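Encoded as structure tokens, the structure appears first; notes follow it.
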């Protein structure tokens, strides 16, 4: 297929997906039993100002026009105003998002660095004890409620053993000392040359990201093992052995080369699910990221903030999907 | 070592796989010796012909078990060889071509790099030297435009060309013995003949021995020097290819009779009735 | 004429990627005849068969079976007239259905009564005893599976049997059994056979007449008697004949590509 | 006597494992037996099966098994550590944690059953239809599925619950709505691999209708991998439901939902750890049970692996 046509198809797909996401958040916003006019004006609004606000918010228009208006607003970056913070939701989200990204990125690095080799090792030792051990560990990782594990880890490493610092991104003492350039505390501290803050922030990051990473180790190891077993059965692996290649080269060059593309998809997917999983982890570790922001907004029925946050996470999801799709076309000779 | 000493000696080769009900024997006591000749191993599916070929390279997948009174390549015991020594032997001394290039070539590596890799692993030559040799080898298997084919991925070449690439890759380290496991079964008859001609020429030019595993009695009889006929893991008959028509074992005779022929009038073909006694050789 | 094909064309794909698989094929098969369609892979022989059977509906031209012109979509009655047997006996039987269910299904679809008796009869017809009736495909050998596939085709008592490489996935000793079975069934039921294969010897054994195809076109038609005497007119057919006689270094040198 | 039972059971086994079944029922039972024999050899899978069975038994017999009423408060016995009277201790209202866990099993089982009965079936119908018919049917259905798949599931469930109001029914609806797309994808992929199979062509050549082919030929082949996936997913459903409960968006007090129980114990976690630890352990064990069972089923039903 010509590249241009393929590119167009991809573009249409992404646009349709975004529109679908907007439709869902829009509809959720409509079924909320909270009156948006009242929440904007307060309970004691006069009938007159109520009607005026209703028109102003476009609530008297037909539903499809309201939707178009909503799409237009979102495209202009207007996600509404948060009732809780009285600031534009987009501003809030941009402020808290780096904290979540920091957490999820470290977690996915842990996941990939441990998960891929574990999966390969399990596959090459199929049916023997390393395989069973890795498989069982994976199943355990899939079965632990992550928020509970966080609580228990705080209990053990913070309260009992005093190895880990408490909740939060840095100790209270350091808070706000490094200029928020990127919003990622570790990076900001390094940029400001504050090594103390950097180490402190890293120390704080370790426990929550390790716990978040545990889930993705389990997922990535399991998928890697499955892909790898599929490849090791293939005849080209026999060919590579007949050529006299070492087992290391057969496994890490030939077999792994063939699963690189699906693995990237898996890692992208698990990155996305980590962004999502941060909702629960952040609550436990009082980590001031998007997850905590959404949860707090939920509990105070701040729908603009909830839907805005949902939209941003959804958009990141779509971007990650797009990215793994593009990488697939770039890396797999059969897809070019 | 003199030239008339056997290339390969196999005595009482056995391959077995554990199953729920005990060990299942795929190869049950196969013996033969091979010089610089083309030896055909013929049999129906499940006769153990492929497993015999693979066990020589110690490529029987676990949990399969290989045992033999003697399995020696130029006098060296293959079953006692260390994994490292075995890697030296594979490719460099003994190579193998498999049935379908669609599956036996690595799909995400250009064919050129796969051939060059086969050369470099045994010669420790530089990248440029390996590429030069690979292009020469592509020309040797009569590929018209080696430079262009070198950069292709396996899915971009036809079956016949894929099998030539496979042959180029296997012959580039200049092995002494080639095991060809149904190398032309996935190809059309005319392409099949062309690929066989290439194998034939390269073998005689390089003085290689060849084990040609196939289910096609006619093809083996016309291509090889000597034939082993396998049934249920055993060699039931061994003869010169030119004397196949005079085979004595009832299984061989039955197989020959059950083949339809263009020059015979249509009519019922004799059906093979299997004698349990054949299982004991 | 049992089967009459005029100027059949089949194209796959659209626009620049389109491939012409069958390019203007005209042929006919008489009632009770056994007709062979021979060619190498990509010659379009199987595509012709699939168009006749109704599996492929993207063709142009004219196909008539038993005097009735056929459109792309077939009425239910067509399938009582014309049945097909596939190449790979491992892929043509549903892995989770017993032989019994495989054979009972066509009877149920066409509302034919007397299922038990029909199933037992057709199993006996293809040389399988009643012991095979409740087995799953994985409990059968390749030859037994192909017999079940033939039984499934016969249970509707068709007049035409289309055979797509019915023996090329089988060992030669089993191939002989299946060829003998097909010959007997043809005689007993007065079947018209269309056999697609790459193997000239199989055609010589089972057919009366054959057509050779190459790259979507019909190269030539001949009787099996002519084939036996090597009396082919076209160089492509002669090359096929030579290639099927086994390996010969000198002959291999003379081969060329026929576009 | 023993000898006789032995020969009897051997007779049954022969009847089940015979290569020549005499009837449809025998063939079917023989097949089930072969599956069970394979499953039985996987010890971890058996452990998973036992955990899931235990969950069902505990849920069914909750009033009989629980030593106390799940809501019975005892303000003098608040936050008691595990001991003879309260095996797993008491919570901030002096309620017996064990009894609440036992009654909570009913909620967990209900959530699992409701999701398992809806999402996979919807996915199966959509996926097989898309895969079998192809063309624009496939394009439309799969576009919708892909869009739904690209959404953040948990956060969307949160938003749903926020919109519909907290509560266990809404939590189930939210989970079911967000979890059908993967099933549709799996069912479609399986359908595509079998659609071109000769046995489907053969069925078409028998004159079988599309409905008959989808129901009788395609779906039975999708069901195996769907059952495996559903079982494995139930662990995730339990975790999501517990997460919603933990955030206060799932089951509402005083319902003994395990996630909400962890949330209740959270503020005491540093001193009275058992209040939060016990329900978490229950979630972990049950969820592990589904994972082990699903993993074992995959070996039997879907040996291709992931």
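Observations on the model:
When the chains are written out, they are named A, B, C and D in that same order, and each has its own residue count from 1.
Convention: a residue touches a chain if its C-beta (ideal position, glycine included) is under 8 Å from a C-beta of that chain, and two chains touch if they have at least 3 such contacts.
All values derive from a computational prediction rather than experimental measurement.
Of all chains shown, D has the CA centroid lying nearest to the centroid of every protein CA atom. We define each chain's centre as the mean of its Cα atoms; on that basis chain B and chain D are separated by 50 Å. The distance from the centre of chain A to the centre of chain D, each centre being the mean of the chain's C-alpha atoms, comes to 25 Å. Taking the mean of the C-alpha atoms as each chain's centre, chain A and chain B sit 52 Å apart. In terms of their C-alpha centroids, the spacing between chain B and chain C amounts to 32 Å. Residues of chain A in contact with two or more other chains: none. Arrangement of the chains shown, judged by which pairs touch: one closed cycle in which each chain has exactly two touching partners.
Chains touching one another, given as pairs, are A-B, A-D, B-C, C-D.
Listing the residues of chain C that touch chain D in their complex gives 53-55, 76, 78-80, 83-84, 86-88, 91-96, 98, 100-101, 105-106, 109-110, 131-132, 134-136, 139, 149, 152, 156. Against chain B, the residues of chain C that register as touching in their complex are 40-41, 142, 171-173, 175-177, 179-180, 183, 198, 200-202, 204-207, 224, 227-228, 239-241, 243-249, 251-253, 255. Here chain B touches chain A in the complex through residues 57, 59, 83, 87-92, 95-96, 98-100, 103-110, 117-118, 121-122, 153, 155, 166, 169-170, 173, going by the rule given at the top. Within the complex formed with chain C, the chain D residues making contact are 19-24, 26-27, 31, 197-199, 201-208, 212, 216-217, 220-221. Against chain D, in their complex, chain A makes its touches with residues 13, 16-17, 20-21, 24-25, 28-29, 31-33, 135-136, 139-140, 142-149, 151-152, 154-155, 159, 222-223, 225-227, 229-230, 272, 275-277, 279-280, 283, 294-295, 298-299, 301, 303, 306-307, 309-310, 313-314, 317-318, 321.
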